[in-house]
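Below, chain A partners chain B and then partners chain C, in two separate complexes.
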Partner chain A sequence: MKRIYVNEQWCLGCHLCEYNCAFANTNSENKCRENDMAKALKNKVINPRIRIEEKDDIHFAVSCRHCEDPLCVKGCIAGALSIVDGVINIDQDKCVGCYTCILSCPYGAIMPADSGSVIQKCELCTKNSCGEPACVKGCPNNAIVFEER
Partner chain B sequence: MAINYSIPEFEIVRNTDRCIGCRACERQCANEVHYYDPDLGKMMADDTKCVNCHRCVSICPTRALKIVKNNDTLRENANWTSENILEIYKQAATGGVLLSSMGNPKPLPVYWDKILINASQVTNPPIDPLREPMETKTFLGKKPEKIERDKDGKIVNNLSSQLELQVPIMFSAMSFGSISKNAHESLARAASELGTYYNTGEGGLHKDFYQYGPNTIVQVASGRFGVHKEYLEAGAAIEIKMGQGAKPGIGGHLPGTKSIGEVASTRMIPEGSDAISPAPHHDIYSIEDLRQLVYSLKEATEYKKPIIVKIAAVHNVAAIASGIARGGADIIAIDGFRGGTGAAPTRIRDNVGIPIELALASVDERLRQEGIRGQVSIVVGGSIRNSADVVKAIALGADAVYIGSAACIAMGCHQCRSCHMAKCNWGIATQRPDLVKRLNPDIASKNLVNLVSAWNHEIKEIMGGMGINSIESLKGNRLMLRGVGLTQKELDILGIKHAGE
Partner chain C sequence: MNYVIIGNSAAAVGCIEGIRRFDKENPITVVSDEKYHTYSRPLISYLLYGKTDEERMKYRPDSFYKDNNVNTVLGKKAVSINKEEKEVVLEDNTKIKYDRLLVATGSRPFVPPMEGLDKVKKKFTFMTLDDAKGLESAISSKSNVLVIGAGLIGLKCVEGILDKVKSVTVVDLAERILPSILDEKGSALVQRHIEEKGVKFILGTSAAKLTANSAELKNGEKVDFDVLVVAVGVRPNKELIKDAGGEVRKGIVTNEFCKTSLPHVYAAGDCTESYDTVTGENRILALLPNAYMQGETAGYHMTGSEKPYDKAIAMNAIGFFGYHVITAGSYDGEEIVTEDGENYKKLVVKDNLLKGYIMIGDVARAGIYTKLIREKIPLDSIDFELIKEKPQLMAFSRADREQQLGGAH
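Showing the complex of A and B:
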């Protein structure tokens, strides 16, 4: 299955993936249309599902790895996390906000949604109109790729 | 402290309606122009540091930025232009030689733009390159003067070593040091894929790139940096660099701050030491001396590799080229006064040398007159900007062209002409690891392959229009060219007729 892979060697730490992620997952009607990023994100504190980890000259993006045997799904007490065609999905209607998944994810790739009462995570842009994940599409240096390995 | 008279050359215009404060511009600017002001809660910019490389403009996700020419003006004066005055301020403040990078930006005549190409009509049909075979492959090197046969009448192979080019375009010499390792890798990979050659420049060949040897031209320059037996054997050809179009008569100087790590080890010099290439080769003061080096290199590589001699286009270039041909070189590379550089004194770059178009025409003509044109191939560089320039160069007598600036632009260079600052925001003309990694060879080599392939398609189209189906039939075919707006003297030197004649 195609997954998002990051390559530290080419990551510039520009953080554009975070903004592309936040933009792709806004509720703006015109999401994924580049012209509207200013409208969608102006004066907003973004809460992206991909995050740059960095120290000094080292940068790389971290997002859900869609593990084959995911601890988050195993630990979910509400049945909100499930695997659909290899993609780990979150059903926010079922999520009770216990944060067990956040604590159990070894990669720190799950985080609370803006409301704080449910969680959010990368779902490979399957639930928005982006098609290919927005972080991959917008990465200026091929540091984030979407491929079969 | 004395008053600083300088005026920022550019002004950064930020559309605050569009800026979302992502700070990508700040993170990507090696000149530290952009910054976030927490008190004001918005992005600010220091125009004085901007070199107009456009990195921030290209990376801004909301297209909130543009860079404009600063319209703050000194009193207008056609003689004492702002540029003249500001340069005097700079020199009065520092006492230094002005440095510049890339090619001559002055509005001197570009003869390519005053030459027009012929096309077939009615009596000699044009050829459609999509339907009929069209050849752009060419060979560089000495061509045999006569067919020799053995006693059985069989043809003896008397062909000396040749370079085989699938397209008549090569990447010109840019050293590892002047450009980054990733830039070199991009050029090397693109040359391999295209079936052409890239040139190491004078900085030696990084050990990782020996694998691209069959598509590499290794250079021997006056500093002899990185030259050893394996290096000479690694390349497909060896180029002796006598001069460079951007700075004829001037050597090179890679500052110690750039001679670090692999740059120093590849050059075989101590880390942190300045790499100074003398203006002359100290063992070459005559054509006879040059001949010795040509044959020393041939001996060292068992006559398997053609030897290129690269010179800058200067006033008596035709006589010099004749000497080089007689000195045993297989290929002469001529670099015009618009050729690029990683650093050169401004006055030299802007005032020394001659246009490549005139140099090429006079060299080709002189070698023909002397009956030695077949002894050498001619490669020209120094601002070949598009496929039409390539076609015009070949019709004027070149066998192939070198592209350097165009190749850099394909890799992302925005011609900000600040290479000498060593802070290239595009990862090309820098050794700073955080900047070098911005140039991903996977992307850049593809861009180079795309560029040359596109030009190759266009060359075929233009040749087809002329009813020519092989690049060999275009070589020196000056009847296919006409001049516009040129004096009789210029037309005579170019060896072409005026349009309408």
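Showing the complex of A and C:
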């Protein structure tokens, strides 16, 4: 299955992936159309599903690994997390925001959604109109790639 | 090969999914004394809180049993196991043959003897969907509710009903709330938050005597109530195994493949003891993730696949009125505390390992700490100063990070 992988040595720490992620997952009707990004995100605190960690000259992006043996899915008390064709999917309608998945995820890749009452996570842009992960598409340096390994 | 499962909650579902990973063919039968499609018991408080409903709190989709070729026998209690005949006997004397059996019978509320309890008309425990429905129908905006027990179950119940009733008073023998998962400071912070929502706590005392509508406490106070909820603790349902001659202690004893001492019989979930990899003790870890993973391990082993479950740890994620608490491991060791009045974090370190933690308020990325505990990662192999600051992958070496982020796990 294709997953997102990180080439840490090429990451500039530009945070574009975070913006592209946040934009791809806004409720705007024109998802993934670059010309609307400023309108959608200007002066907003974004809550992306991919996050850059950085310190000194080290930068890298972290998002859901879509584990084959996912602790978040096994531990979900609501049955809200499931594996759909290899992609770990969150049903926000079932989620009650207990955060057992945040307790369980060894990558720290699950976070509260803006509402604070359910969680959100990377679903490889399968639920928006991007087609393929927006973070990868917009990465200027191939520091995040979407491929089979 | 006939697989039979007694129970229909997390451990049972884990077992079904574990079996079906390797065996798509042989029939599975689920027996439960509850009549419902598998639902999430921890969600009953959210049901009352209005954050879910009966449809959404189903633990798996409606097609789950059909998709997994599972026969269900619901609304019938299993009363004994005949290990010689390899059959389960139900309350109506029906017998179900098994080749592999999982006992996932969970636990039941413990109601201590209290003088006058029989005089109380509206009294509830808080464990099952029927408990929640009963409580919901008994309360109104005029109700004064007394909850005995300031543990996880009692306080989630409080959260669920607070907006629907006139008042809630919580009484507990312990001096502080949630003593099983929090330290004193953490208990105080969470108590303050719940008190600010209008809940009254009377701690360090218990009910000496109950009448139909009031409780006399041992400290001399009197609490009037219309509805009583007793949530002082639970007891594992281990009798089926015990009566069949299997080994039990506080809970059912199982090995690393979740097998009991009876041939072909497994057990998983709140009715069992687990080997706590942090403390090295066998203890009951009544946690949904643990139940699921024990059930799954049993399921694997029933099909002949050996994948031990040896990473059980105590862990809890819980929130009250939007204030979140995540804890894991044990608190025996050197403490590193950071706090700012609203957020609280305690890391517990011993023998070059992270043994436990408490995070309250800001719980972001807590799972990175859980991983350090579960995987017993030597702290001198990571940048501990960075980990102390916050959970982050930056604390690991680049090579380790490449491994973590570079493959599928």
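Heads up, the rule we're going with is that the second predicted complex is superposed on the first by the 149 of 149 C-alpha atoms of A that agree within 3 Å, B and C clash if a C-alpha of one lies under 4 Å from a C-alpha of the other, contacts with A are read in each partner's own complex, and residues count from 1 in each chain.
Simple rule for what comes next: contacts are C-beta pairs under 8 Å (C-beta built on N, C-alpha and C of every residue); 3 or more make two chains touch, one makes a residue touch a chain.
Treat the numbers as computed from the prediction; the structure is a model and nothing was measured.
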item	value
Clash-or-fit label for the pair chain B, chain C on chain A	fit
Partner chain(s) touched by A:77 [first = chain B, second = chain C, both, neither]	second
Partner chain(s) touched by A:102 [first = chain B, second = chain C, both, neither]	second
Chain C versus chain B, contacts on chain A by residue	C
Inter-chain angle, chain B to chain C through the CA centre of chain A, in degrees rounded to a multiple of 10	150
First (chain B), second (chain C), both or neither touched by A:42	first
First (chain B), second (chain C), both or neither touched by A:113	neither
Contacts of A:12 with chain B and chain C, given as first, second, both or neither	first
First (chain B), second (chain C), both or neither touched by A:93	second
Contacts of A:58 with chain B and chain C, given as first, second, both or neither	second
Minimal inter-chain CA distance - chain C and chain B, angstrom	16
Chain A positions touched by chain B in one structure and by chain C in the second	none
Chain A contact footprint on chain C (complex, rising order)	10, 14, 40, 42-43, 46, 51-52, 56-60, 288-289, 292-293, 296, 315-319, 322, 324, 326, 328, 363-368, 370-371, 375, 386, 391-394, 398, 401-402, 404-409
Chain B-facing residues of chain A, complex	9-10, 12-16, 18-20, 23, 34-35, 37-38, 41-44, 57, 138, 140-143
Of all residues in chain A, those that touch chain C in their complex	1, 3, 5-6, 8, 53-55, 58, 60, 62, 65-69, 71, 74-75, 77-79, 93-94, 96-108, 110-111, 116-117, 149
Chain A contact footprint on chain B (complex, rising order)	17-20, 22-24, 27-28, 59, 61-64, 433-434, 437-438, 440, 442-443
